[in-house]
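Labels run A, B, C and D following the written order; every chain starts at residue 1.
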Amino acid sequence: MIKIRTPLILVNFKTYPQGTGKKAIELAKTAEKVSLETDVYIGVVPSLTDISSIACLTSIPVFAQHVDPIKFGGFTGHILAESIKEAGAVGTLINHSERQLKLADIDATIKRTEELDLVSIVCANNPSVSAAVASLKPNMVAVEPPELIGTGIPVSKAKPEVVTKTVALIKQIDPSVVVLCGAGITAGKDVAAALRLGTEGVLVASGVVKARDPYKVLLEFAEATTKM
Amino acid sequence: MIKIRTPLILVNFKTYPQGTGKKAIELAKTAEKVSLETDVYIGVVPSLTDISSIACLTSIPVFAQHVDPIKFGGFTGHILAESIKEAGAVGTLINHSERQLKLADIDATIKRTEELDLVSIVCANNPSVSAAVASLKPNMVAVEPPELIGTGIPVSKAKPEVVTKTVALIKQIDPSVVVLCGAGITAGKDVAAALRLGTEGVLVASGVVKARDPYKVLLEFAEATTKM
Amino acid sequence: MIKIRTPLILVNFKTYPQGTGKKAIELAKTAEKVSLETDVYIGVVPSLTDISSIACLTSIPVFAQHVDPIKFGGFTGHILAESIKEAGAVGTLINHSERQLKLADIDATIKRTEELDLVSIVCANNPSVSAAVASLKPNMVAVEPPELIGTGIPVSKAKPEVVTKTVALIKQIDPSVVVLCGAGITAGKDVAAALRLGTEGVLVASGVVKARDPYKVLLEFAEATTKM
Amino acid sequence: MIKIRTPLILVNFKTYPQGTGKKAIELAKTAEKVSLETDVYIGVVPSLTDISSIACLTSIPVFAQHVDPIKFGGFTGHILAESIKEAGAVGTLINHSERQLKLADIDATIKRTEELDLVSIVCANNPSVSAAVASLKPNMVAVEPPELIGTGIPVSKAKPEVVTKTVALIKQIDPSVVVLCGAGITAGKDVAAALRLGTEGVLVASGVVKARDPYKVLLEFAEATTKM
C-alpha cells in the first residue's frame, strides 16, 4: 500500500462542475502544485470517470469516491476495487454521507481494499459511528457531521467535542487508525484547529472546489498544517 | 445525439476480469476491428473507470453501464451524466437487472440523458415492464429475462414470445423506440433469431467477454446480422 | 376482490401522531361515520401495525401503505401480501413517493396483489410515470406531484394539466385503470376540481389527518364528490 | 424498559406460512406455554401486522422484525418505533441479514428504541461487525453467519470460534451488551453449546417455526438452557 504521510489534506471533488472532467484535471494540478511547493501531503477524490486521467497527468495521490463490495463478475454498473486500482487510484472513500452503505457492506469493502493494498477511508457521522467503524480496521476514519457539510461552519469550531470524542474513541479501539475530520472547513485556521483537536488531517470539498481561487485556499490549508 | 445505426451489437463488459482495465481496452479494440471489417455497428459498455481510455484510444461508440439521476452538486460517489459525456461516452445503460432503479429515477435519468444528447438504453425484465419503460420515451429498450442472463440459453430460442410480445407492446406505445434483446446469446444464429423476432439488435455480455476468442464470436455475430 | 365504488376518498395516515395507534382507530371510526352518513366511499391507509385493529373495529375498507414483492419464506422485516390480507386489508398502496420501489418490484408487487385479490393502487409522480405504471395493469394509479405533497397547494388547482394529461395517457393504455390524484388537497373544492379533471377520487393525507376537525373536513370532501 | 431475563430464546417467525396470521398466534401461544412450563424466557418476533394480536392474546414478550430510524411525520410505508410500541412490542430486531440497514441508520434506530424504552437487538454477520455494533450501545447483539441461516448446521458447532470471538470483542467494548447467536440451530444441544460458548441466548427461526412439532422443539431448547 502507498505510504500516506500525515497531516493529510484530502479534497473531495464530489460532482461539482468545478471538479468534473477537464476542470477536475486542472484542479488536481493545482493541488499537486501546492503539495510540491509546501511538501504537505494532499490527495484528490474525483469522479470515477476522471480517475485515470488525473492519475496519468499528475503525481498526486488519487482516491475513488466509492467502491462496491464486489469481486470480478456480473455486476453491471457497480464499482470494482480492481478497476479503480488499475485506473490509478491509491485508495477510496467508503460510506460518505452522500453514498452510505449497509454495515456489512462497509466491512466487506474494507476487506476488498485490504486485498488490493488500497487505502480505506471510511466516513462517519458522529463519534459512536466512528468508533463502530474503527472496529472494522480501516486505514482512516473521517468524521463529518452531515448537518455542517457545505455550510462553511467548521466542525472544528462548531462541534470541537465531536472531534475530540471521535479521536478518543477510535484510538482506544485501534490506535493505528488515522482520524480525519471534515465539514464546513474553508480557512487555514479551521485546518489548524482540526489538527490541534487530535486529528491527522481534513476531508474538504466545497471550501476548496468551489473557491474562487482554489490555489490560494489550498496553500493556506497546507501552511496551516505546519503552524498548529 | 450520435446517430445509432441498427442492427446494433452492444457488448456489456460488466465487471468481468476480461473486460476491466487494460483488457477492456484490448476488447474494445477487437470490437472496433470487427465493426470496421464488417461495417456492422458495435458499441461497448465498459466500467466507468475505463470509459475515457477506450473513448480516447478507439473510434468505437462507448456507453456507460449506469448513470444517476443527479445534476451537478454534492453527490459523492454518484455518476453524473455530464461526467460520462465528458469522458467520451455517447450514451448509457439504465436500469440493468444488476443495477436496478426506482421508477421515478429511471424517468429522471432518461430526462438527464436527453438534456445532454446521450443515448438512453433502458433495460427491462419482461414485456409489460418493457412497455412501461417505453412510456418514458427512451431511445432504446433492451429486454432481458434475468433468469437467462449468463446461462448460454438464448432468449431468442427459449422465450421467443417474450421478444415478440415486447416488440409489439413497445411499438404500439412509441414506434420510435429501438428494441434490443439479450440474455444467453452466444452464437450468430441467436443474433439472427433475435432480429427475425423483430428486434433491432442485441445486448450481449459473457457470450463475448468471456469467450476464448472474442474476435471470432463478434465476427460471427456481425455476419449474422446480415443473414437474417 | 372487493368492489371499490368511485368516487373514492382514500386517507393515508402516514406515520403522523394523529394517525397512529389508538388515534388511528379513532380516525378510522370518524371516516366510517362520514362514509355511512354520506354514502360516499372512503378508505383508510394506516400503519401496518394498525391494520388488524381497524379492520376488526370498523367496517371501513383498510389498505396497507406498502407491500413487498415477496412470497412466503425467509424475509425478516418485509411485508408479505398474505399478512396484510389476513390482517384485514383489502388492498395496498404501492410505490408511494415516500416509499418508492424499483420498477421490476412494482411489477412483481402488482402481480402478488392480483394473486390474492387485493386492490393495487400504484403512486406516480407525473403523467409519463403514471402511463408507465398503467402498462403494468394495476387497479388504480394515484398521481401526486411530490413537490406539492403536504403543502396545502392543491394539485387540481396548481397543476391541472398534470391531472388531465395523466388521465388521458392512462385511459389510452388501459381504460379500466382508476385514476386518483393527490397532493395539497385540503378543501371540498379541491376534491370537486379533481373529479372535474377526470379522476375518480383523491388520495389525501395531512389535509385530513392533521386537520383540527377531521370529521368536518371529510364531510366536506364527501359532499364535494356529489357536487362536481 | 422491560427486564429481559437471560438465557433468552428468541423465535423469529420471518414471513413463513407457519408464522403468519392465525398460525402466528398459535405459534406464540405454544411459545408461551413452553415458557410458563419451564420458566425459561422466550420471546417471539412475528410480522408487523401480527404484533398487536399476539401482544393482546398472549403474555409472551413480542418483538418487531424491523423498525425504521424515523420520527412521527410523512413516512408512508415505514415502520415507526412508536407504532410497534403501541401495538404491544417490547423491542425490535435491527439490521437482520434479510433486512440490512446503513450504518448511520442502525445508530439512529438504536437511539429511537432508547427514547421509547424498547429493547434493541442488532444482528451482525461476523465478529468484527458485532464489535462495530457494540460501540453503538444496543441492548443485545445477535451474531448470525448468513451462510448458515436456514441450513440446520448450527453456528455453535460449525463455527464456534465465530461465537467466542464475538463474545470476547463485544464484552471488551461494552460488557453490558447481551450476546445472542443464531443460524442453523435445530436441537437442544445446539442451544446448550451456544450458551457454553459464552452467549446468553439464541435467535432461532426455521428450526422452530418450520418444525413438525414446535412445542417439542421449544421444550427441548428451553430444557437445554438449564443443562449447559
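Going forward, a contact is a pair of C-beta atoms (placed from the backbone, for glycine too) under 8 Å apart; a residue touches a chain by one contact, two chains touch by 3 or more.
This one's a predicted model, so the numbers in the text were calculated from it and none came from an experiment.
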Which chain is most remote from subunit C in terms of Cα centres?
-> A
Between subunit A and subunit D, the Cα-mean centres are separated in Å by 37
Taking each chain's centre as the mean position of its Cα atoms, how many Å separate subunit C from subunit D?
-> 34
Taking each chain's centre as the mean of its CA atoms, how far is subunit B from subunit D in angstrom?
-> 45
For subunit D, residues that touch 2 or more chains besides their own | 97
Could you draw the chains as nodes, link the ones that touch, and say if you get a line, ring, star, complete or other?
-> ring
Within the complex, which stretch of subunit B touches subunit C?
-> 95, 97, 100-107, 124-126, 128-129, 131-137, 169, 173
So in the complex, which bits of subunit D are touching subunit C?
-> 12, 14-17, 20-22, 45, 47-53, 65-66, 70, 72-80, 82-84, 86-87, 93, 96-99, 149-150, 205-206
